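Shared between the two complexes below is subunit A, which has subunit B as its partner in the first and subunit C in the second.
== the complex of A and B ==
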């Protein structure tokens, strides 16, 4: 090993140590826990090793419900929030007056506390003995009956959760997309104008390909973020998510560790590993697709 | 297609709420560009030449004035209906499309009734590509091309619609020196082959002089002079044009006319009979000096630069506005470098007089 290589490793050492200690070691630990059956925190003992934890988790109705909820959430919110963000950013970059004001307004949800927003959503959607809530009031104008969005039917609760998630993730996407749109060289648009390109064609043939790397970045991080959803559900439905039927995979992991029915680190680890596998697969698919689509 | 600009003016609103200083980029610009010629819009940066080009192609609307292509008033037409092809300074090739797709792009934009068939479009794209010699690059992406090749693709994309007028914005500024010489010849060749009236913008007078049929010299939005390159060089209408054209640049002196004689400093250097007595600016082209023992003009010799074909004498004169003046003489002349002084006679055709205040040319 020559001098330069040694130097390089010394420079890297702090980061490597830090990552090894707080990222690699816990990750390996989770994999180890997930195959240790009946692991007990207090006594640090376990019965044996095997795949029983996975089998248990995969047969647990609460886990299956959580997986279903998470997938519905991901499939609905990622495309919708990205698409809406794209529309809003395209709109924002084509208006001139008050653009800064609009940008600030659209960015506000990003700086607002999740739980505070959850409270606001509860007030908007919840039906209590005293009031039907603002949303139900508006529904009644169109002749639709009051629906309890917080404690009512599954689809209503899922609707609120998706609505809330989209609302909370959009500001960041709008921010990224408006700056991506602003960074497209204006000469492309001028060239398109000289050639008389219709507006829709300019958007699909020039703007979209130009900002496609940013869109794929948002889709990938959006998928990962949505798979890790938990606090949003808690903000809306409280901590007993299994009872509400609105648990997510991360929520299930948390419940297994610390919840009222908790104390099972092995099951929690198995669930976490399954989540890891799902996210890894989806991300790989995303990367493969994006590599095919973005090539300049 | 003949182009006529009539009293064209473009004003941009100024910044600042209290004192709004509107910027006049193009000021009362009138000229006529004959059919099939290559015209250079020449001027220092910020003189309004690019704005003039944008007005021609329709990306900007004039504040007042009119533009005609032939007899047709196109002032209010949008760019796509004017029949112009434009090559941008950075080429503006779409990076995600291949060369072929880039060239086809303007054709695919046409409304369905005007759009040629797929085969016809391909045929035209191939013809245009052949014209600019990029047939073998059709499947490449712009980033896989050199600067010169990208330029040709940009020209092909502008030509494929068969425009009536071709506009080029600083077409050579992104190329290195050697490629620049080669490319300007090619632009000239393509223009001659197609016969399309072409306007190109440049700040490089060499470029403008060498390939254009006519040059239009601009300064602060105003057209200073327009004409064939040699005419403008030999007959500058004012001091600005005289200073802007020519490498090495013209030497400018403070001078005065007294009783039919032109004085630079205390020396009477030239007879200018018939000119009224006044203070003037004297412009003398570097090639306007004749090395002569008993010449009337005395300068302090600084150094001699041998260029092979000819030699440059760098000398100083108190009346000169620059620190030194440069004269180019035949290499066969012998210069006595041991002497501290050098004497010149002047060629009358290379000496120009300009009014001291208005800087307009005074003929003699």
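== the complex of A and C ==
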């Protein structure tokens, strides 16, 4: 038996090694970094421990801008994308012909390279000296003036970022909700039909409660994902997000770590820990709310 | 009879309402399909417009009469697109092979072998799924820099190998293989490794393929880690490559050639998706997340 025990650990060894080295140790270390003041990357020395890094980050206007951007992005995209996904999945499950085709099409953004397709969005929304771009052309059909969405006013840029984020996250949500809808017991619908219940009532009284666990799952993962937004912003506005005023919290972490403004792992760690605290708080609130709301 | 006629009338009205409802549903679905597909159409279209024609368009044209493949030639010759693709391919293959090997071994230990504290270790593993990658990336960056592994494939691959979720997925699947097979193999004196390779892996092949494809997609699209550890364009993956092309690619603002590069980068994954559509969608709905 002892022989067997050893064997199990040998099978586990590679996974344990990788996880310990690149997941557990870094997790502990990031908290250590975040309290080491004046850490020097080259000599790997620091002069003291304390909360100065946090205070520095919280007073950095770039960080505050990043927090603001991230919160706006989260507040706009999570409800919108979840609601839209619910609408689309409900539509999808009510039709039979072409359903497979639609499902395949809707899933496409999931398998595309965020950076590459972001460039297409940039081209669509961009206003240059040569051309106002396609979106502005469409706006002009409705008599709206040309807006520079990539290099212009703040809310125009935020709109593109939200639009692109929603475009990217929809496939996952539609997929999860369609399979949730498919697993609702058909007997409830048959009973409702016998009673002649109106469609909308069936949706709010049967469908929504039945799939509410999945909706909450999507809201929770949606919040987590949106708080970590970064590459979509890079795809649209380039790597210098601070200059564009469109940085996100994760972007701030990476900028502190590396690049022209980088070399400060302590500040990066402090920012990452703050992000983690925010995400954890929001997730806990979400879980508490869902405990109360889910009926079965 | 009056009641019969009335009944027919209501039935007809209901059918009409149903029809209107269905048309509206299809219209809504079609609108979203257009929103999803349009960027793809636009990138294809722009990639076959000639440089001169594109820049002469003050008002964007929705189609072109003179398609050209010149942009693709430019994309392949003027920027190191082939290198980016090769790098990504090498990175994806090594990472995926290592990940599958490590995960299969670990999943086998959890599913089939007995050892003390198994449940505790497995719970610890599962709890690691909650660790956000943003937290660990900082130390990993420092580790890789200190080991002098920046701008190497080793540095790119190593931190990308771990995937607790896939271990979990494989373990669930391995547990469905009946115990009798294992006992029979033991009676025959088959070693565990041989049993794993000859029996478990073939039986669970569908799940292993799903895991492989999901990991390849993840590798192909990874951006943050490659950007941190590579600043030598010779080691850029496609995500960083396209960013490089955008910022100082063709020496001038050559949008059509840029779009050609975007098409080349996007096509492999779209083909992979169309071939393994069901597997990918099933795997993702079981708990995959974009990121």
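Following the convention adopted for this analysis, the second predicted complex is superposed on the first by the 274 of 296 C-alpha atoms of A that agree within 3 Å, B and C clash if a C-alpha of one lies under 4 Å from a C-alpha of the other, contacts with A are read in each partner's own complex, and residues count from 1 in each chain.
The rule is short, and it goes like this: contacts are C-beta pairs under 8 Å (C-beta built on N, C-alpha and C of every residue); 3 or more make two chains touch, one makes a residue touch a chain.
Predicted model only: the values in this text are computed from it and were never measured.
*Asks:* With both structures lined up on subunit A, is it a clash or a fit for subunit B and subunit C?
*Replies:* fit
*Asks:* Return first, second, both or neither, reflecting whether A:109 touches subunit B, subunit C, both chains, or no partner chain.
*Replies:* Only subunit C is touched by A:109; subunit B is not.
*Asks:* Quick one: classify A:130 as touching subunit B (first), subunit C (second), both or neither.
*Replies:* second
*Asks:* In the superposed arrangement, does A:74 touch subunit B (first), subunit C (second), both or neither?
*Replies:* After superposing on A, A:74 lies clear of both subunit B and subunit C.
*Asks:* Subunit A residues in contact: does subunit B have more, or subunit C?
*Replies:* C
*Asks:* Of the two partner chains, subunit B (first) and subunit C (second), which one does A:201 touch, if any: first, second, both, or neither?
*Replies:* After superposing on A, A:201 lies in contact with subunit B but is clear of subunit C.
*Asks:* Scan A:274 for contacts with subunit B and subunit C and give back first, second, both or neither.
*Replies:* In the superposition, A:274 contacts neither subunit B nor subunit C.
*Asks:* Would you check which partner chain A:210 touches, where first means subunit B only, second means subunit C only, and both and neither mean what they say?
*Replies:* Touch partner of A:210: subunit B, not subunit C.
*Asks:* Mind working out whether A:30 is in touch with subunit B, subunit C, both or neither, as first, second, both or neither?
*Replies:* second
*Asks:* What does the superposition give for the shortest Cα distance from subunit B to subunit C, in Å?
*Replies:* Superposition on chain A places subunit B and subunit C at a least C-alpha distance of 6 Å.
*Asks:* Can you list the residues of subunit A that touch subunit B in one structure and subunit C in the other?
*Replies:* In subunit A, no position sits in both the subunit B and subunit C interfaces.
*Asks:* What does subunit B use to touch subunit A in their complex?
*Replies:* 57-59, 78-81, 84-86, 88-90, 92, 94-96, 105-106, 109-110, 141, 143, 161
*Asks:* Which residues, counting only subunit C, touch subunit A once they are in their complex?
*Replies:* Per the touch definition, subunit C meets subunit A at residues 21-22, 25-26, 28-29, 32-33, 35-37, 39-40, 42-43, 46, 55, 57-60, 101-103, 105-106, 108-110, 113-116, 118, 121, 125, 128, 131-132, 134-143, 158-159, 161-162, 164, 167, 192, 217, 220-221, 223-224, 227-228, 238-240, 242-243, 246-247, 253, 255, 258-259, 261-262, 265-266, 269-270, 272-274, 277, 280-281, 284-285, 288-291.
*Asks:* List the residues on subunit A that touch subunit B in their complex, please.
*Replies:* Those residues of subunit A that touch subunit B are 185, 187-188, 190-191, 193-198, 201, 205-206, 209-210, 212, 295-296.
*Asks:* Quick one: which bits of subunit A touch subunit C in the complex? Just the residue numbers, please.
*Replies:* My answer: residues 4-5, 7-9, 11-12, 14-16, 18-19, 21-27, 29-30, 33, 41, 84, 87-88, 91-92, 94-95, 98, 102-117, 119-121, 123-124, 128, 130-134, 137, 167-172, 175-176, 179, 199, 221, 224-225, 228, 230-231, 234, 238-239, 250, 253-254, 257-258, 265, 268-269, 272-273, 275-276, 279.
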